[in-house]
Amino acid sequence: MSKKIAVFVGSLRKESYNRKMAKALASHAPETLELEIIDIRGLPLYDQDLDDEGKPPASWTDFRKRVKPFDGVLFVTPEYNRSTPAVIKNAIDVGSRPYGKSVWDGKPGAVISVSPGAIGGFGANHHLRQSLVFLNIPTMQQPEAYIGNAANLFDERGNLANDSIEEFVTKFMQAFARWVDIHTSRQG
Amino acid sequence: MSKKIAVFVGSLRKESYNRKMAKALASHAPETLELEIIDIRGLPLYDQDLDDEGKPPASWTDFRKRVKPFDGVLFVTPEYNRSTPAVIKNAIDVGSRPYGKSVWDGKPGAVISVSPGAIGGFGANHHLRQSLVFLNIPTMQQPEAYIGNAANLFDERGNLANDSIEEFVTKFMQAFARWVDIHTSRQG
Amino acid sequence: MSKKIAVFVGSLRKESYNRKMAKALASHAPETLELEIIDIRGLPLYDQDLDDEGKPPASWTDFRKRVKPFDGVLFVTPEYNRSTPAVIKNAIDVGSRPYGKSVWDGKPGAVISVSPGAIGGFGANHHLRQSLVFLNIPTMQQPEAYIGNAANLFDERGNLANDSIEEFVTKFMQAFARWVDIHTSRQG
Amino acid sequence: MSKKIAVFVGSLRKESYNRKMAKALASHAPETLELEIIDIRGLPLYDQDLDDEGKPPASWTDFRKRVKPFDGVLFVTPEYNRSTPAVIKNAIDVGSRPYGKSVWDGKPGAVISVSPGAIGGFGANHHLRQSLVFLNIPTMQQPEAYIGNAANLFDERGNLANDSIEEFVTKFMQAFARWVDIHTSRQG
């Protein structure tokens, strides 16, 4: 039976390179993984009072219920101002609460950063990783994925534009499938 | 003439320790500084398409106009999941755009992190500092402010509860006044 | 058969809290783990020329040979100036070279930081974790170990001084034993 | 009168790109700055016992005396394993001690990272910056300098190989001269 992976994209742009990458990751995943992009646009900024007063927005509750059953998580993100975009950090914060009910706990994960510049979102990638320590998301170390010069990666239909990136994405997903397997088989 | 400092609070809770700290910083500032807390709750999550299409939300435009004239900036933030809360990162991202029109450029700044635990928001504090490099906000180094055990810092009216924290806050604001002075007088 | 864990201590002080902690971790480990502290004091600062010219110092060669057969690695470190001490970074750099012959690759690992102050070496801990991503050391996420107020942790003989820290250390080593098990059994 | 800047190079390789960059920075500095590369190869790994026992190595004492009178500091460093090389962290640690006698306090500084890969030492650059906060080194934010693809930057004599990098280096040093000026003129 395949493992289900929730995918979170750190950009809201329609033509987002990271969204295209998320789709490429889904279509290049081995059969043992099934990827699904989770919409995180509509989540109001986290405010603990709403949880404490027992009146969380319906979108938070829906998001938590939806993510909970997944076997693993994949974060695909640009870098904004040398760190993670608010939209993906907000999804992480909403999913981590209320206290003791985090949806993230124990799910194996990975991080990919894609950016137009040369640095490939290194800063966003590692800031996100720091959060994943606290959230107890065992995170794949290699291959690291700091993917720069994003404008050259996709053709006009949004598909991967050359063999080199296609090979990398395939290899990345194979490694992630093994990582998910290691971290879920013992908990069954 | 006093310098005007925009203050950004990284928590939306009504009883937020960081909001109380922001007020304490304002009331303990030397006469040469005038602090004003800027509301950042209502800013929609940053989506570049809205700027590119020339239809940014009014709240973004208002925020940018409002922050622009300030002489300096002060970030007062808790730590969520070992990093900056989305609400304050979103304000930073909104203010940094559209490309070439950042409201942050060149404004002297400082970061204070306040948390209930012992670590005092160290992770959030330094993640924020990484963004401030890119934004060209000359950032005060010392005194560092990782303020832990926040529950003991304030009395029932929200005022600073002991001499030790009061002394620190006073000293911090005096150092910040010098920092702002150094970084604004040459640009006049 | 027990798994062998190489332990690296980031302080050279005779009375180092981190050395005491390393010993406490060894004595509180479950029977499935056998810990051994590796001396890293005598390693000359890494200089790639010595490897490139085929004349690495004997201490580098010995270190690499010695670490290679271990099943896992444990880093126990103070924080110097908000980052990792040079002595432990140097050991990491020496072990990572020459290119393609890293001794670290694939070994499961964990990080503990111990400091006299309240923050518990958070900065050193996460800087080290960033290196472990590149080195492909799958790193245990929870429990995190930022251990502050180190002066109160040990009695005059260097043993753990109270039940609370003893319980934490025991729990930490049990979690690490599981982590090592998950990450080595598939490679047998 | 020109300001004196101590330059620290994070690589010991004879043909180090960072050493070449340090020389290029020196030769492209405005007349108001005088750069001098400080040798940090021979400093034994920091061990607090040697300071506490009043027997620091002569090389530590010499280093501290030598750096103390400079007006500013410049760190030029490669990235080793996604962080700062031990050699430059060791120099920082040695200079920061004994407690209360740091040679770094208040000196304006800047960080340049140079690497053969695309990412340009981003990880080393920001890890170093985190230390500079603690050390109270006011650090220039812009222009940031993550300089990748180092193999193409220098000609066979070690000089800058094209106009683009020459222009950047000149601009960087002009900005640094202003930064040093701002941060030293008030202390005279």
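Note that the chains are named A, B, C and D in the order they appear, and that numbering of residues resets to 1 at the start of each chain.
We take it that contacts are C-beta pairs under 8 Å (C-beta built on N, C-alpha and C of every residue); 3 or more make two chains touch, one makes a residue touch a chain.
Computed from a prediction, not measured in an experiment: that's the story for all the values here.
*Asks:* Can you check which chain pair, A-B or A-C, has more C-beta pairs in contact?
*Replies:* A-B is joined by more C-beta pairs in contact.
*Asks:* Among the listed pairs A-C, A-D or B-C, choose the one whose interface is a repeat of B-D, with over half of the contact pairs the same by residue number.
*Replies:* Selected pair, repeating B-D: A-C.
*Asks:* Just curious, how far off is chain C from chain B if you go by their C-alpha centres, in Å?
*Replies:* Their C-alpha centroids are separated by 36 Å.
*Asks:* Measuring centre to centre with CA averages, how many angstrom lie between chain A and chain C?
*Replies:* About 29 Å separates the centre of chain A from that of chain C.
*Asks:* Any chance you could list the residues of chain C touching two or more other chains?
*Replies:* Each of 82, 123, 126, 130, 133-135 in chain C touches at least two other chains.
*Asks:* Going by the contact rule set out above, which residues of chain B touch chain C in the complex?
*Replies:* 82, 118-120, 122-123, 126, 146, 148
*Asks:* What does chain A use to touch chain B in their complex?
*Replies:* Chain A residues touching chain B: 11-14, 41, 45-49, 80-87, 89-90, 92-93, 96, 123, 127-128, 130-131, 133-135.
*Asks:* Could you please specify the touching residues of chain B with respect to chain D in the complex?
*Replies:* 126, 129-130, 132-139, 141-142, 144, 182-183, 186
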